[in-house]
Amino acid sequence: MSTHSSSSSSPLKMYFAVFFALLVGTGLTVFAATLDLGRFNAAVALGIATVKATLVALFFMHVWHASEKLTKLVVIGALFFLLLLLGLTMTDYATRLWS
Amino acid sequence: MLNNFPLWPQQASTLAGRVDALYVFLLIVTGMMTLLIFICVVYFAARFRHRPGVRAEQIEGSTPLEITWSAIPFLVFMVIFAWGAVVYFKERTPPADASEVYVVAKQWMWKVEHAEGQREINELHVPVGRDVKLIMTSQDVIHSFYIPAFRIKQDVLPGRYTVEWFRATKPGIYHLFCAEYCGTQHSGMVGDIVVQEPAQFEAWMNGGSSGPLSASGEKMFAELGCATCHRNDAGGRGPNLKGVFGKPVQLEDGRTVTADENYLRECILDPGAKRVKGFQPIMPTFQGLVSEEQVNALVAYIKSISSANAGEGVKSSASAATPQSAGKVQPNGSQVQ
Amino acid sequence: MSMEIAIPQPAERETYLNKEYGVWSWLLTTDHKRIALLYLISITFFFFIGGFFALLIRLELLTPAGDLVQADTYNKLFTMHGMVMIFFFLIPSIPAVLGNFLVPMMIGAKDLAFPRINLLSWYLYIIGGVLMLHCMLTGGVDTGWTFYAPFTTNFTNTNFIEAGMAIFVAGFSSILTGLNFVVTIHRMRAPGLTWARLPLFIWAHYATSIIQLLGTPVIAVTIVMVAAERALHLGIFDPKLGGDPLLFQHLFWFYSHPAVYIMILPAMGIMSEIIACFSRKRIFGYSFVAFSSIAIAVFGFLVWAHHMFVAGMSVYAALVFSLLSYAVAVPSAIKVFNWTATLYKGSIHYDAPMLYAFGFLGLFTMGGLTGLFLAALGINVHVTDTYFVVAHFHYIMVGGAVMGYLGGMHFWWPKISGRLYPEGWARLAALIVFIGFNLTFFPQFILGYLGMPRRYYDYSHMPEFQVLNVLSTAGATVLGVGYLLPMIYFLWSMRYGKPASDNPWNAAGLEWKTASPPPTFNFDEEPVVTWEAYNYEELDAPHTEEVRVAR
Amino acid sequence: MPDSTIVGLHHEEQHHPELLHHFADPQQQRDASSLGMWVFLATEIMFFGGLFCAYLIYRRWYFGDFAAASKTISMPLGATNTAVLICSSLTVVLAVWAAQTARRTLLLGSLAITMLLGVTFLGIKGIEYRDKFVEHHVPGASFSFENEPVPGHPGQYANPHHAQIFFSLYFVMTGLHALHMIIGLGIFLWLLMMAWKGRFTPEYHTPVEIGGLYWHFVDIVWIYLFPLLYLIDRHP
């Protein structure tokens, strides 16, 4: 965590770059919503959201630099259990033969 | 004495033996396991009890041993799992030509209607040796139709059909329980399953029925105005319903579904959900206008005008959770191919 | 339990018990040991409330007719019994009492990482408990502890929203306890205390915390949805409005199945400590026992729909969940075998904690093995929602978890109170509990396979079930006596018990290296660990006059 | 404090005023707090996860009805709010950096702007809620969703029951999100007061860091809510 072990250049540039990427992402997802991409509509929207969320986590929340393995493990672990919840519930909903 | 102190439930269906066999197998396996552990514990506890001057021997552990006693139980578990799955599929797959009984559960009674039109409350008469399929729905909360002597149970849900089946093997009167907690009189939601010899059953059947269920469905079909749109030719504003049951239906949005009981039910109660290709969305919803029993009658009627030419091998997939009929599934509807 | 604290000898050493007096020094304490005692008092209170309901349930079932209470009353009884026992007794029991007391001491820390959050978690528990009590006093709820939709959302006339809030709040208490443990175990271990040297009790609590953290929020949000649905008829779970009642069951069991491992894992941790101590041995296969705890916690999240095999879900999903249910049984098997193997060539003492441990071993095994019956699809269809299930979970939760909890209480009571309890009475109580327990719940397996549905207050339709029910009721009475005894002699020993030495069992573990009862910051000097857990080869047998182990 | 014989890793001060008695050194305290927040965020993921699970299932079932309902909520307002939150994320990260580098004005300014943006978000949310109220799209007795066309299916109208499920989830999800925002504003108010009093130094600013983590998390939730709720089927 101790980011002040610094020496390096200030991270401001990176922060602003991420910020603009997030704004662009927002614009992009709004734009993509006006296109009919058929079955890819949801995938594109969620894909962009995931990229944005990843940017926030990695750079604004410092998961990329300045974090120990444990932090990464917590994040990945939580996402894993979220996928379990969604995925295993879907095993039921995706294979119900009767209504 | 044993009448007051039973230790084993009666066996009165073809499934009972299968379930009991697995149960006995499990009793033996787990019994042996328990015995093994108990004997080890008791023996070690006695043999290695503290004696002055004797110290415990420190043992680190043993990986081969660990692997053995993880792998062997796991293999045993897989046998149990597979056996259990086989029995389950049997339980969940009604034979194609089973006679049908419609069941409506409500707080706190069972309303039963045979396809032939006989109605009963908290009682179900069935003959020995015939496959019977129950098509069940609930008017309010979740209930569960449980016949211990047949070893079958299935929750009965509001808003859709669930199915179970059995073939009785022994005449007699058996318990019927509601097994899912459903409110105040949950424990009063009990009844009797009366299994009779075929001849007796026929006699019972013939005693004062209002005609087959499909017949009252037919009457309702006319009274509710269904017939104005659904005519027996291609000229109606709605599709011709003759022969739809069990067949694949092309939907407006490109999907194909099999017309099973749940599909018919949904068409009547929520026509917008699955629209048949090539028709206007003009069919009104009958939600709230028809009771569960009336829906059952309509469904039975639509099935009856299909069964004459319903292709063989087409099985109602309301029941059918057979592996072969796997496919994508829709929410409140049916199978999508 | 009374709040007054006996002082061992006047003008004695300062301990966490006598450091300060007065109600506020307790109610505003951030000392994990005092908070543990606050929890102890609160959960004991709820246990007896739950037990009282259980006795009424059993009395009603003495005769087939519904004669003692009304149907609605009975429904409220088992609902409140289940809710109180699960959410207000068993889930907090071992973690919040023994875990709270011991986790920091076992890892050589002065306190949990977030002492104020620890206190907050007790207050949340109390708020939840008060809501629950208020709800009981103003009529109770009759939804069953599983509160299935649409009965709960649209049909019951009772005040479910309040009970739901009680569980919601208590849930956050449980989350905060788990959070504190995880952070403490990661960050606060004494120098030299590597993961491979941790007591298995700590491993078990670590695994428990994972479940508390990842499971509990799901039930919390589910309760929010149920309450909103009940208040506004939203249609999320109501089939009349297009909702799916099975979705509720999925979300409910996503928490509530893992929650059963919240209840059993800490008890398993206690088992490892007790069995090691009273066999004077290192636990056989330490690392397998440690990792099996984590495996149970993780696999525990994969099996929830085995509670829904006849609920109308997909047959294929049923297959998946049945298969996975067997996967979670393997790590439990590993534990049972390793404990048994630990006895081999040990030097076994039969003190009261060990008797409870033997009880646990037998009853947990039987409860677990009947879980295998339930997970077998073909059998589940017949026995689900019958007394077979009731017997299964009481074998694990009462025979397993409560036995483990009592064993742990006996084991650490000298450390907690600084007093010894009367050993003879303790052994007698263990025996009574064991006998009473089996008498109560074994007949229920038979009843279940015969087909007696659960949640029935009146079985006059099937009077042939009476004999077995009478046995069960008789057993419950014996069991009640068995539970009253420890409560009495623990209280008695607080004033009259012999003062305990620092390490009366000569047990390994850092908690025994400090005074009994410990000082406020646990250790006079920060311990440095250079040994493995369970280094019993270096320790003498229990009851030898205590020698404080240097190093 | 009974002891303190242990030499901290940081030779700065033995007894930093913010060091709590049960920690050995400031490093340990900092690591504990940050891990605590991360673990808490993991539980938050599961908390929203339950809702996402429900949403996913009904969206799959009632796609057309959900699309129709989604069309009636204001995409411009949603997009604006997304931008507002992204800006606030930037100011949060600036605040953390300012605390690390002892830039007092920037710290105070960033915290204040973050709060301002947070309030803006809630204000816009309030406008949306009011619109829903006016349109009778709030689930409950007065709910009405008649004759709303299903996008892409001419002549077909959404089933009001299913649309009501959409709005229920919309309100529960955005409502809980807004609740998190309000809690976040509380935290930031406290941070602002502490910063005003000059409590944060390059050695001690953990509260700003973990408050920031929380804020970013709430942001991420919104990043998913926006496309899921507002952008289902916008194309004409």
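Going by the order they are written in, the chains are A, B, C and D; count residues from 1 in each one.
To be clear about the criterion, a residue touches a chain if its C-beta (ideal position, glycine included) is under 8 Å from a C-beta of that chain, and two chains touch if they have at least 3 such contacts.
Here the structure is a predicted model, which means the values were calculated and not measured.
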Chains touching both chain A and chain B: C, D
Contact-richer chain pair (by C-beta pairs counted) among A-C and B-D: A-C
Centroid spacing, where centroids are CA-atom means, of chain B and chain C in whole angstrom: 36
Whole-Å gap between the CA centroids of chain B and chain D: 45
Per-residue overlap in chain D, given as positions that touch at least 2 other chains: 31, 35, 39, 42, 46, 49-50, 53, 57, 60, 62, 159
Residues of chain A touching at least two other chains: 70, 78, 81, 85, 89, 93-98
Of all residues in chain B, the ones touching two or more other chains: 160, 162, 270, 321, 326, 329-332
Residues on chain D engaged by chain B in the complex (per definition of touch): 60-62, 64, 153, 155-157, 159
Footprint of chain A on chain C - complex, ascending: 186, 214, 218, 246-247, 250, 254, 301-302, 304-305, 312-317, 320-321
Parts of chain A lying in touch with chain C, wherever the complex brings them together: 70, 78, 81, 84-85, 88-89, 91-98
Chain D-touching residues of chain B, taken from the complex the two chains share: 252-253, 270, 272-273, 275, 280-281, 330-332
Contacting residues of chain A [partner chain D, same complex]: 1-4, 6, 10-12, 15-16, 19, 22-23, 26, 29-30, 33-36, 41, 45-46, 48-49, 52-53, 56-57, 59-61, 70-71, 74-75, 77-79, 81-82, 85-86, 89-90, 93
